[in-house]
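By written order: A, B, C, D, E and F. Residues from 1 in each chain.
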Amino acid sequence: MPKVYLTRIEKFNAAHRLWVDDWSEEKNFEQFGKCANKNWHGHNYTLEVTVSGSPDPVTGFIVDVKKLSKIIHKEVVDHLDHRNLNLDVPFTRDVMPTTENMAIIIWRRLQDKLEGCQLHKIKLEETDKIYAEYYGE
Amino acid sequence: MPKVYLTRIEKFNAAHRLWVDDWSEEKNFEQFGKCANKNWHGHNYTLEVTVSGSPDPVTGFIVDVKKLSKIIHKEVVDHLDHRNLNLDVPFTRDVMPTTENMAIIIWRRLQDKLEGCQLHKIKLEETDKIYAEYYGE
Amino acid sequence: MPKVYLTRIEKFNAAHRLWVDDWSEEKNFEQFGKCANKNWHGHNYTLEVTVSGSPDPVTGFIVDVKKLSKIIHKEVVDHLDHRNLNLDVPFTRDVMPTTENMAIIIWRRLQDKLEGCQLHKIKLEETDKIYAEYYGE
Amino acid sequence: MPKVYLTRIEKFNAAHRLWVDDWSEEKNFEQFGKCANKNWHGHNYTLEVTVSGSPDPVTGFIVDVKKLSKIIHKEVVDHLDHRNLNLDVPFTRDVMPTTENMAIIIWRRLQDKLEGCQLHKIKLEETDKIYAEYYGE
Amino acid sequence: MPKVYLTRIEKFNAAHRLWVDDWSEEKNFEQFGKCANKNWHGHNYTLEVTVSGSPDPVTGFIVDVKKLSKIIHKEVVDHLDHRNLNLDVPFTRDVMPTTENMAIIIWRRLQDKLEGCQLHKIKLEETDKIYAEYYGE
Amino acid sequence: MPKVYLTRIEKFNAAHRLWVDDWSEEKNFEQFGKCANKNWHGHNYTLEVTVSGSPDPVTGFIVDVKKLSKIIHKEVVDHLDHRNLNLDVPFTRDVMPTTENMAIIIWRRLQDKLEGCQLHKIKLEETDKIYAEYYGE
């Protein structure tokens, strides 16, 4: 049975900041630069969810992409879109919302929700100069 | 003397929300949807600044792009990047920060700062589904 | 009152072919090349709808983009997406579905449906090597 | 000898539909949605062919990209471009032409045709929201 | 007769430098920065050629895009692609090859070569941060 | 400790040509086509540097991206940008500057310079039709 990787791309817009409460303002700006601005900044995030599996002999699908898209919205995008990652979202507000950590969090939200295929990779682009990838390792 | 249009592209990331103080929360969400989230959301903005002029017979430039880029940073990007448009920026915080209004504001910041060329257009992309253009009309 | 141009981008996928019934197969292939294939081919179309107007002093909108998007879907995208332009769509099937003609047709579908703003331009991209623009002239 | 992966990108436009003959029209639309439209729809496909090998000590090439491009055209693009995948193409018309299956089929067309390098991956983008990858596993 | 604008996109790669022979090396670097490097640098240029006209009532074309592409190659791309703009090309080597000047030169190469449509605009992108547009004014 | 891959994207413009001194001009053009032009041509290169590591429990970073960007500039971009790869750059001028070889060379420049994370991949795009990837294998 051939193994194929299928990727669905979704987008969301969110506000965040990078800030360690235990640190002084000076130390926060030294570490995080402009990303520490107390009044937040934000991004257009692009999320790529890659799953693996074998195409069904009848439908040719390894997963119904419409269903996959619905799961991604229900578990991830509906919670993050037009939200503040540090304040609004129960599963992100206790974590530093870097691209790296967000990729791990999104993996954990999705890994048990897929049927008939395996979650293979989460790729999250924060800007056109940086992205993170997580394979559940 | 041939007239050429030259465009420089710069990017910035900012937080904002759309909210009318005189309205109820209900009316704000009816009008602005998720954009009214009180804890902000944000975008990667792409700004295109177009100027017009004739190429200098010696240098071939209608404007020195490095100088143009410095002016755009000094007047616009350094003020908006990694900031909250509703709270942090004196020239945006008393205006509803829609893409339309931001394009007008950026035009007004730049129009008197250019030497040897004319400001022709401000184009501001908020997401890959929406952008505004302003010609100073 | 400043005049701003706002653009909304939507996408659809459709099948078509270029073929003149009155011509021989040979003449059709001479004129249209591979685009004359009798079993159709297709494209991912990107549609940009640009409107002009003045930002509302309260909302900062020249048009509510969510409403604009709904109108574009109701009048255009819902009819064209995943359809055959030569067979399925009453308002395209009697016209040669070139990029040029499609831009005109989409303009005519939208021009009377917008409230509080003016339709300024229809831009339709057929591939990453060709697009058409129509201003209602 | 260092092992490098080199990718060549080619494009083609094709029509298809997703439809199971043994199913009712109702069941087909339930499964495939608009993709089941009997009069076809189509896409601009982007194909990435990745090969691996060691750069030749003299030419610096792991493969002559012009030759690789010719092979991709001869074996794949010339057969698929401006065609109907369900009707026109002997090696796709008996398979459900999903992105997943198309990636496998393209792999099989190319795997024995390359000299001096190994086929590593086929990536096929159907729209800007979905793509499939196949490594021959 | 409706007037439509049709754009064809072509690409080429070239080397150039910005340098005034009458100036000292110091003054050249002060004006042109890294672009004055004596051993050249280069770009992937993206050229957009926009023509205007009315769709033919039979073919739906304002111009046969395959013919337009051939003219662009014959008059422009075949001369510039993989060439040095300062040394190799008779119609660019006596001009400072800035984006602005290149747009004017390309306009002049094409304006008399089109039949049945009007040249409307030349857009030339040098990098993803800068482009020039020329309308023959 | 979860393992995440983080990618930073940087750009540079350079001139080069593909040419073997020991070969005749005829043989060079037969092998390298237009890339053998003696007066050089050039490209806008896009460089992706991927590192792997675990997010720091406090900062959420696997690497400080600003520091990573500085290292990439110091070791790679500052040497290559607006330069001639065959003439100007000590670490590229004795190698055929194909995309493949450039990816290997960039890997070797960076592999010992990173602290607290592992270099995972160098991806180098030469045009929008070709790119090379190297994993240090």
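Simple rule for what comes next: contacts are C-beta pairs under 8 Å (C-beta built on N, C-alpha and C of every residue); 3 or more make two chains touch, one makes a residue touch a chain.
Note that this is a predicted model, so its numbers are computed, not measured.
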| item | value |
| --- | --- |
| Chains in simultaneous contact with subunit B and subunit F | A, E |
| Both-way neighbours, i.e. chains that touch subunit F and touch subunit E | none |
| Chain-contact steps, minimal, separating subunit F from subunit C | 2 |
| Most remote chain, CA-based centroid, reference being subunit F | C |
| Geometric centre distance via CA averages, subunit C-subunit A, whole Å | 33 |
| Centre-to-centre distance between subunit E and subunit A (centres being mean Cα positions), rounded to whole Å | 41 |
| Subunit B-subunit E separation of Cα centroids, rounded to whole Å | 28 |
| Subunit D: positions in contact with at least two other chains | 33, 128 |
| Interchain contacts (touch definition) - all pairs | A-B, A-D, A-F, B-C, B-E, C-D, C-E, D-F, E-F |
| Subunit D - residues contacting subunit C, complex | 11, 13-16, 33-35, 37, 39-44, 81-84, 87-88, 127-128 |
| Parts of subunit A lying in touch with subunit F, wherever the complex brings them together | 18, 20, 31-33, 95-101, 103-104, 128-135, 137 |
| Subunit E-touching residues of subunit B, taken from the complex the two chains share | 2-10, 50, 55, 58-62, 64-66 |
